[in-house]
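What follows is a pair of complexes built around chain A, which joins chain B in one and chain C in the other.
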Partner chain A sequence: MPVQGIRSVTSARNGVGAFILQCKRLDFHYCDWAGSSRGMVSFLKHQLNAFAKQNPQIEIRVSPRPHKHPVIKGHYINGREKAVCVRNLEPEQIFQKVNLLKQNSGEKNKRTKKPVTSINDSVRGIWSPYHGGLKSV
Partner chain B sequence: MFSRSVLAKAFAPPLEQVARPSLTATSTTFRACLHQSTTTTSATNPPTEPLSATVRAQSSIPAVQPTFQTSTTPVTRADVPADKQPIAPAFTTPLKVSQSLLSTLPQLTSQKPHYITAHLHDRPYLLTEGDDLRLPFLMPNVAPGDVLRFNRASLLGSRDFTLKGSPYLDERLFECRVRVLGVDSEPLRVKEKTKRRRRHVQQITSKHRYTLLRVMEVKAKSVEELQREGAIVEEEAKA
Partner chain C sequence: MKRLQLQRWSSSALSSRVRTGSRLHRQIYYSGARFQSTTSNSLQFEDDQSLAGQQPTPPSTNSPFPQFTKHQLPSPPIQAARESAKLAALHARLYLPSRLPLETLARCLVDTSADPNFQFNNNSLSVLGHDLLTNYASEHLVCTYPRLPLTVIFAAMYAYAGPKTLHAMSREWGVEHAAVPGGEVDPGLLQFKRVAPGTNLKEARPLVGTTRPNEDQTTWRKSITSSVVYDNVFGDPELAAPPPAELSDNVYPTNDGINSEPPVTAEVASANFVRAVVGAIYLHAGRQAAKRFFEQHFLSRQLDISKMFNFSQPARDLARLCARENYEAPVAKIISETGRRSRSPVFVVGVFSGRDKLGEGAGASLVEARSRAAVAALKGWYLYSPLEVRVPSAMEEDGAAPWKPVYVDLGEVIV
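Take a look at the complex of A and B:
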């Protein structure tokens, strides 16, 4: 009998079957008066409509935030949120920031050394000195 | 054709350009095949009627949507639009399977789960189904939700059996699909640089972005499947 790991209940893994985008909501905050919101207001007027149409799975909220710099906040399925300040940015730069929030996984930024992370049991099993190929001294 | 060239860059840059003169060694032919390409495939399907701004501006009738030509790529999945269908690889010779492989392959295919050592840019990644793969680079021209098929692998195995490639397996022997989940980034790195006899420290910052993938499928094709796809059994009387 080979050594076996402890059996566990299956956990949902997004993308193996169905795929759900991790970003569920984007909040756009702007100020009508302040100059740092000029690019943001232009983005909201001209580009946000097309972006919302292309991404129907993302809820989009636009609300004023007077006397503050413009901010885009992304809300994710894992419950976290990411905020990006877009003061004095051009509409094209803001579009890049929006794309960044859209594609993001919502996890905290971490530096990882290993490319593969797995929750599966080892396919070939764990080596055991007591099983198979025993040699007498 | 555009998505094809994009994937060629992403997967096998040197080998894809080669005119492949020697196809007898089937184990050394590789070809990238994307299952669902990016949104930038407008070049393949030109609209049938040329766009004219004057007519649209003057008439109050809603303009007829330009009809797109159906591409010649084989339709394998109904839920994927026609311009995003995978491009079938054009192999010139059928897959040759030796007698020994034919006799031992059922043992591998029937024993699940499988692992695979897939190579991407000549780096090996040991993958099983459901694994997370964070590539050490940002893959260009992919969007979240896209499905890629890895076509180069050196090992494919189960608990007791392993199929080894020399150096790589023929891509028609297995299927390995991954889904693009999104783009991840690392915390800001700050590198302090100094020069001698200069009381000044430069702070160089960098923040790399990485593509997140998830393995959807690792499958060893069975003998029946290989034969249905036109594999030829090699006679090994010489040995």
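Take a look at the complex of A and C:
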């Protein structure tokens, strides 16, 4: 056989064709009694419905967690989870935290040194010392 | 072009809850009346047996219907689909058309190993989805790269629509697996019977009964041409379909509580799920939606075909190619070099046919550089891609421009 094929797997480019939101689940934990949950309870009562309607791709779970501070946990497609404690926060501030979790990729936070990374080869090619303008010794 | 009527011939694969009316539907409804059945399990067994042989009589509806409990069912009941948050989230996450109901998506998530009843598992949908996927992928490959060798086409098909890719896609879609399938499980989880950990899959199930004659002769040479005839779209041996007589006995497997289906790996189950989703989109939303889904989710993934070649003797292949195409015989010439007598020399060699440079490569020895140059020349030939390619399925759209024949190549070099 003159040439053989090497099997490989195509790699995903999220957003090139279809876009899959990486946050797949948000857990809301609150306490009915404690004062640190006041903003959270208000958020759950008045704003969560609209948020859930706007973001149908996120599964939302609400559960009480008595005698603890309120927490929002985001579960991501890559298997990681991120938790934000929202004690004593106002509903608007909680909404910002929820948006933060929603828009997150689930990866660990890291400093981006180069703004553009690509899996495609460079169009220009790599500089070669053996081509063009050779000096004879 | 006359358009195929989707609704007429696709009703057998659609679930019984979606459409009503035809005689076929009555049969399906009858055999699938698991939840409304008046009979005990043993009676249900007899009914299903008789169904395969003769025409069924419609079930009497005036007797009371004792319900099965969820724990007796092999897969979640239909009503549970509307109550699952996971399922609705998955539907929205994939931007599935609203014409595809949640119930069908729930059915896509039930593997044959979890529920052997063909009315409730995703088998029919995944067969259809597999055919669609391989059809779209192959027409894209053949039209975009008309000169690819067959082995590379097989590998590229595997990369676009093979089980490994589909498994990765189902993970990237956020599909979770149920630990054990059952009626009480959330229908948003992928349900399949798992292989016990530590099972050696190759020893456990040797592939016998393939479509290939003399399959027991493992030492015989397997030509690529025979692979086209006998093997599947990935060039792998394929299990032969059971004879029609056996099939007709098994069309409606009984639901007597004993699941005799072999367990499957997560890769197989996820791949079947992804295929079933494509099949379901085709049936519910039509051909265009299925093709758009393929383009957005499958074709948009990155694949570098130039890295899928494995040449054994590139210089010889290039010589044969030049002879076939009536080019002058290829000649390798040194373009530049450095450090010939040193520990790390570099030679840049070009392969020329007459005055035309076909390819160029650099290497630490002259032979290495020459073979790299020959590989570059061969890839330049095989990876030719015409501009503005149209695939045959583009003709299925309404108001499509008249078809112009696509470029068809002679094929790979025969050495």
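Definition applied: the second predicted complex is superposed on the first by the 114 of 137 C-alpha atoms of A that agree within 3 Å, B and C clash if a C-alpha of one lies under 4 Å from a C-alpha of the other, contacts with A are read in each partner's own complex, and residues count from 1 in each chain.
FYI, a residue touches a chain if its C-beta (ideal position, glycine included) is under 8 Å from a C-beta of that chain, and two chains touch if they have at least 3 such contacts.
Not measured: the values here are computed from a predicted model.
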> After superposition on the shared chain, which partner residues are touched by A:119: those of chain B (first), chain C (second), both, or neither?
Replying inline: both
> Is A:136 in contact with chain B, with chain C, with both, or with neither (first, second, both, neither)?
Replying inline: neither
>> Just to be sure I read the superposition right, which of the two partners does A:109 touch: chain B = first, chain C = second, or both, or neither?
In response: first
> Any idea whether chain B or chain C touches more of chain A?
Replying inline: C
> Between chain B (first) and chain C (second), which does A:21 come into contact with in this model arrangement: first, second, both, or neither?
Replying inline: both
>> With both complexes overlaid on chain A, does A:12 touch chain B (first), chain C (second), both or neither?
In response: second
> Which of the two partners, first being chain B and second being chain C, lies in contact with A:60: first, second, both, or neither?
Replying inline: second
>> Per the definitions at the top, what is the overlap between the chain A residues touching chain B and those touching chain C?
In response: 13-14, 16-17, 21, 119-120
> Any idea which chain A residues touch chain B in the complex?
Replying inline: 13-17, 19, 21-22, 100, 102-105, 107, 109-112, 115-120, 123-125
> In the complex of these two chains, what residues of chain C are touching chain A?
Replying inline: 85-86, 88-89, 91-95, 149, 151-156, 158-160, 162, 164-165, 168-169, 171-174, 224, 295-303, 307-313, 316-317, 320, 335-338, 346, 348, 362, 378, 382, 412-415
> What residues on chain B touch chain A, complex-wise?
Replying inline: 113-115, 125-136, 143-145, 157-159, 179, 181-187, 212, 214-216
>> Could you list, by residue number, the parts of chain A that touch chain C in their complex?
In response: 1-14, 16-18, 20-21, 24-25, 56-61, 77, 119-120, 128-131, 134
